[in-house]
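Look at the two complexes coming up: chain A is in both, with chain B in one and chain C in the other.
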Partner chain A sequence: MIASIVACMTFGVVFTPQDIDGIRVSAPNPLTGNVRKLFLQTDLDADGQTDLIVAGEAIFQRDGVYYPDQRVRLPEIPSPCWVDAWNGTLYFRTQDRLRVFRWTSGVWQQLGDDPLSGAHESSSPCCGNEKQPVPYRYLYDLDGDGAPEAVFPGRDGLYVYALRNGRYAESALLAVYPSVRIDDTYGASLWPAAQRRLTPVDTWMGCQVAVEGLRVTSIERFSVSGGAVRFRTNRYTLDPAQGFAIDPDKTVSTESGLLPSYVEPLRLHSGDSLSFAGTRVDSLETSVPPSSVLTTSVSADGGTSVQTVRTPSFRVNGSFVDVNGDGRLDMITHTTGLYGGGVRETLVRFLSQTSVEHGISVYLQNAEATFPESPTFRKRLAIDLDQPPVYRSHHALAYYAGGLIDVTGDFNKDGWRDLVVRDRPNRLAIYLSAPQGFGESASAAIHIGPEEAFHIVDVNDDGLSDIVISWSGADERSHSRIYFARRDRP
Partner chain B sequence: MMAGLMLAMLLAARDMFRVDVYPLPDPDAYVFLARADADLVGDVAILNGTAMTVHASGSRGTPLTVQLEPGTSAVDVADVDGDKRAEVVAICGDRILTYVLSPGSPSPQPTEALTRPSLLSAACQRPFPRVLVVYRGGRPLLALPQKDFLELVSLDGTVDSRYGVAFESPTFASDFWAYDSRPPLAGSASSLEWRIGARHCGGYDLPVDLKPGPVSFAWEPFPNAWRRDEGKTLPHSRWPTFPLRVMGEDARQVRYQSPAPPGQETVIRIVEQEKRPQPEGSDIPPGDEFVAGPEHRYPGIMVTPDGDLPDYNHDGYVDLTLWQAPDPGLSVNALTRAISIGTWPLRIAVYLYSPEKKRFDIETVKRIDTEAPVFLFMGGEPVQHCVLRDLNGDGYADCGFRTADKKFSIWLYNDGFADKPDAVTVFPEPIKQVAFRADLNGDGSTNVGFRGEKAMYVLGLAQSGDGKTGTVPVP
Partner chain C sequence: MIRRIWIGYCVELTKAARRKFTYVGPAVVLASVVGLLLQHPIGHNARSDYGYIAFATSSTLDVAGLAILLVFVTAQVAGEFSSGAIRLTLVRPILRYEYLAAKTLLGMTYAVVLTLLTAVGAWTVAFAFGDILGVSFGGDMRHATGEMGLAYAYGVGLALLPQWASVAYAVFIATLVRGTGAAMGTAAGIWILVEMIKYRLKIAPFLFSSYLQAPWQPFTDMANGFTPQWMPMAWSCSVVSVGAFVLFFALAVLALYRRNLQA
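This part shows the complex of A and B:
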């Protein structure tokens, strides 16, 4: 339903609210602040407008609006089922079949229904109890011929299904997982005799796998003594002439240097060397009142060197964001004003102050893949916690969990990430950013209910980030209102 | 100081306890108990990579050391050749090696006892302790895990028996997962990316003679919901439970909960398991049901240290241990005063179970009144590194817990507790965890292993039996 009012107007951005049930996103990734869309975007009816696939339904966009009467049920597919979209065509994968549908002349037309040989081994890619098709990415045009291949992670490796003579058939099984390892986390008890237990050997395997062009990267993490970690990367090249089999002569293995245990692989720039980043929050156990320190670490040179910044802060979301749109992730650190001063000052703050000073520092990554010693620019904010921190209000808990600040959106498509702050329980303040930093004052404000949450995502795929506000209704169903961003002036 | 060991640094009243210090070459080194010599005493072993050190009670302060071969995956300490002395048994590739533990041999050479592939033939990141030797009819057998079964093999290679793996009901993908990362983290924005994992674990279908004894009792954590405001509404069938008897069968058990807001009181109900007949005309088969007794409320929060079921008066019944602290109020002055003093009052209250009254008796409550650092209260659980076991071997459970950053205090139970702790230990570093509680020398007293970053500290009676003498070396 379209709200009758335009929410706000800024220098260059207008937000228009629309209630669209079924728009769901995951919690933000702590490292990048990005949320995972739990819906699909594709142009089903080829009208040049992005349509949405949500909770068993398709919603068509008409004249820039998602009308409630423009929803149609998806084809009936037995569950569990994982759906992906490619150029307006929907692909439904069940345990043993791949069904392809296209919306044609107002009805779903089935284009294909192919058995997945070996799919019984391919196992579940995700939660298997959903009654509706689960959005899950598995389509990828490996060879760039315009027809997507389907790539499914299975127990033994990645199964590649390619289109041959109009049908999808197994093309390759890519054994790119690392070896199974013995889980030696806990040693057995050897004495006294009553505690000697015969247990099977626990084994496990874990990795991060990325498919990019004809290259598959598998990254394995190793714990090293002293709390450090090391990452082993295997890069495989696929040969399209051999049905996408791995070309054994082109496999490259590398190993990172020693890294702090809390970092993980993160693409910080377009360079070939793998980069790593992570954050950790340490509670200072013996400090009274309790305080915490946020450690932000980054290595953009494959783990050879590590740059670390420590600030007094709680957990945050979005420590690495491409703030200036140059294709390189920049580092963002936060500083809470809850601490500082003597014991008495801190106690007064905890017991009586409802407002907290919060600092954001942005370190822009340079062309050498390093970060400056001091921030490129800073922003200071005042956040109203509703009640003094000691009462641990809903809003204060959201602040401690990093849920009040988001720097992932670009609302005016100028390439610079804008700042959204829930600076009061019922208000989102939007600060547009520019080369000199975030705006002095908020360019716009949006009302948000106290029990509502917000996330930043480009719902209509127009390149401008939108604000999703979600809440649970009295019917215990999840509801959402989207504030669509639109450029007001060129 | 003897060869880096037995560096006691106890500041102990009555010289009753001592602390033996075992340096850790690496904070992540395995520490485990083993019987490494001919006596019946448990010994402390440290396994750091391929370097193994055993602090055997009979070796008079000189540790036994074994340098394992590179590629070793698993290690046991057991008498595998029947000579009544334990050897180190190790799996290195397909080879099963033994090392003789001898004080006179600084680094014994391995003897190849058998060559046989197993799941443990694969290289591990580092060797880890694992039961490799079992006894059947007094005969030692090697227990070698294979893909789908466990085989018991004698040293001459004869297979004694095989036992299949009985996995917990596997469901679709219960041990395999692949979550798609959207947007990708390691790949570019257009790439496909997943976090993929698999785990393989379960249990063996073992005959009675190989089944281990019951596992020690584990306290259930409070459900998070109880920490908020739902505690009052949860039915008692969902409350955490502990047995009423320390040992043996008893149809009764104790259910407990702390209603919101936490910290005020604990509610106890004793439930009894009864046979339920088949309802007349019903298909419901006969079975067991729990009949709950009346609700009793006690001030304070349950103290639930790992594996400890304290019986303070040695009557066979588990007794109740609760902690309480006064509310400082939310005034700046009161809190500033508390913080500047640095400590806050802490009361431990013990309620003995009365079989006659069929409840924990509020009239015979025993108390410890002490103070703990303010920072311990900030996390909501000020009773840390707590041990509620018989520490002096008199048959009565005692009470020990952290009373400062590096301090562990013990109150011995003697129809109550003294005004001041009976023993106070100050460690040279913060303690990370209580690694073990075990009666190492079989005298009925509990030895407590405290793990720090730099060393293991094992606290025990100074001298078995008299409980009076002890060394008080200064660190």
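This part shows the complex of A and C:
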């Protein structure tokens, strides 16, 4: 329900709060800062406005507002099940069936109910005791014909189900997983004889798989001596004429150079070469008090060269974000002012200072897929910790966990990512960004309760990021208030 | 005037050289430099030990060095007030502000000596028991040895400014309080009090005491593989320290001129 229409500030962005229970997002990805939506967005009633699928309900958008009386229950589907949406149609996948529903004339109309042969081989739809359908993305339009294919990870590979004659049927099993390896972490003792045992051999396999149209990429990680890692990438091309089977002639394998152990694959640009990036937090035990060091490493050329930046900072969310909207992820580093100035000054600060100086440095990625030696622009912030750090207040702990700063949102849709800082326990400050950097002063401010958390996500799919504030109520249920961004003035 | 101050300075140097406490300071800072190996061990392991040099230098000068400097300066000035020696001194053709200038110069010289001893001690220990190489992380050479040495030299120069402001502060307190012990206690007490409230009152950036270790921060950052940032710290440190020095020296001169030395 609309609590009120509040114009938080002007200067091109206005936030309109609205309470919508059921809007949930995952924890932010430490590397990209992005959260996974645990709800679905689709236009169910074909009125041109994005509707939401949350926790067993659909919420219709009317005149830009999600009214509480515009909620309807989803079709009764035996749990557990995954739900995905495609062009206003909902797909419910249970253990062995795929049911398709569409909202037509005010009721759910079932369009299909197809058995998933071989689906028992694929992984379980839900990992917990969810009684509601769990939003999860498994629909991909592999061949671009407008009809989605369903892709599920299974024990032996990816199961592809395609629409044939109006029914979904198994089309291909993509054996894209690497071969299993013997776990050599268990040693066998030969002597003394009393300790000889027959040790069962464990095998394991781990990889990341990405599906992009007719291209499937699997990435396998190898640990090598010296704490370094190497990644092997296999790129498969699917042939729609052969029922999405892998075209063996077009499979390409590459292997990266040696990389630090904390990096992982990340698409930093649109080029073909895979990129790697990662962050690691270390403690400088020799400093007094022990301080935290954030190491950010990136290789945008497939692992041939690695660029590393070290800063005094805690863990942060969103070290690689496309700040300027050019399709290339830019590097963001943070610097805390909690430790500067020496032993005595640091101790005094820990005992008596209630605010901390925080620096954000943005390194824009250039056309050669490298980052400049020095930051393209910087932003200095003063964050009120509520109490001196020695008291480890709730707000200070959130600061140490990287939960006070977010650079993933674009609230005015100008292509530049804007900065959201919880600079006080009860305030979110929004700094709009431009080519010269983040704004000098906050363009908007939003009230947030001390026990509330915030995330940035485009809830209504209008291209403008929104702010989701969530909290647990006295009924132990999760509640959320969405601050919808609007570009017009109030 | 310059000549009289110079003569007064030479006299003060001679007097200081005869005092045993003068030699306690260098011994303490050298012991501190060596003792900090317990907190920051080093070794011949092909890893640069600039971290130890930064830690030993800044910690020694900011804790032991600062305490010794305050005690040395307050004892130099307040001791002559309490013993009445200042009356004999001022019988000579030297004005009161020239007398204070000579005392202040002596304190500044002592600060230079302590700083240089700390620097030489830290580098010597690092050379003897550790490795002095370029700073590299992730396979990249971040800072070469020459670059580190230059940053350290900048740190030495910049660190003297807040120390000299501390000397002027100690001289000022010593002109106000009769008795060596009382002067030391007052100087330390006010210092601690201000330290505890400066962040709450948001006056820390305007106090010279906030910059005593700041000049070593860029060197420390470089030792840790960070990108050093000299500005705006160097600018603030210089302006605040010079301003504090001038203010405290002027107040000390004013206090001494208004003081009845016969009482």
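The criterion applied here is as follows: the second predicted complex is superposed on the first by the 469 of 490 C-alpha atoms of A that agree within 3 Å, B and C clash if a C-alpha of one lies under 4 Å from a C-alpha of the other, contacts with A are read in each partner's own complex, and residues count from 1 in each chain.
The rule we apply is simple: a contact is a pair of C-beta atoms (placed from the backbone, for glycine too) under 8 Å apart; a residue touches a chain by one contact, two chains touch by 3 or more.
Since the model is a prediction, treat every value here as computed from it, not as a measurement.
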So, A:434: does it touch chain B (first), chain C (second), both, or neither?
-> neither
Chain B versus chain C as contact partner of A:343, first or second or both or neither = both
May I ask you to decide whether A:153 touches chain B, chain C, both, or neither, giving the answer as first, second, both or neither?
-> first
Per-residue touch tally on chain A - higher for chain B or for chain C = B
Identify the partner contact of A:223: answer first if only chain B is touched, second if only chain C is, both if each is, neither if none is.
-> first
What is the contact status of A:308 with respect to chain B (first) and chain C (second): first, second, both, or neither?
-> second
Quick one: classify A:354 as touching chain B (first), chain C (second), both or neither.
-> second
Could you look at A:252 and tell me whether it touches chain B, chain C, both or neither (first, second, both, neither)?
-> neither
Figure out whether A:260 sits in contact with chain B (first) or chain C (second), or with both, or with neither.
-> second
Footprint intersection on chain A (chain B / chain C) at 286-288, 343-344, 348, 351-352
Mind pulling up the chain C residues that touch chain A in the complex?
-> 39-41, 51-52, 55, 58-59, 62-63, 137-140, 195-200, 204, 210-214, 216-217, 221, 224-227
Using the touch definition up top, name the residues of chain B that touch chain A in the complex.
-> 26-28, 30, 32-35, 42-43, 45, 47, 49, 73, 76-78, 119-120, 122, 124-126, 128-131, 134, 143, 145, 150, 165, 172-173, 176-188, 190-204, 206, 210, 212-213, 330-332, 335-336, 339-340, 342, 373-375, 378-379, 405, 438
Footprint of chain C on chain A - complex, ascending | 260, 284, 286-288, 293, 295, 297, 306, 308-312, 340-345, 348-349, 351-354, 374
Sites on chain A touched by chain B in the complex | 29, 31-32, 34, 36-37, 95, 123-126, 128, 136-138, 140, 151, 153, 155, 177, 179-184, 187-192, 194-212, 217, 219, 222-223, 225-227, 264-267, 270, 274, 285-290, 343-344, 347-348, 351-352, 390
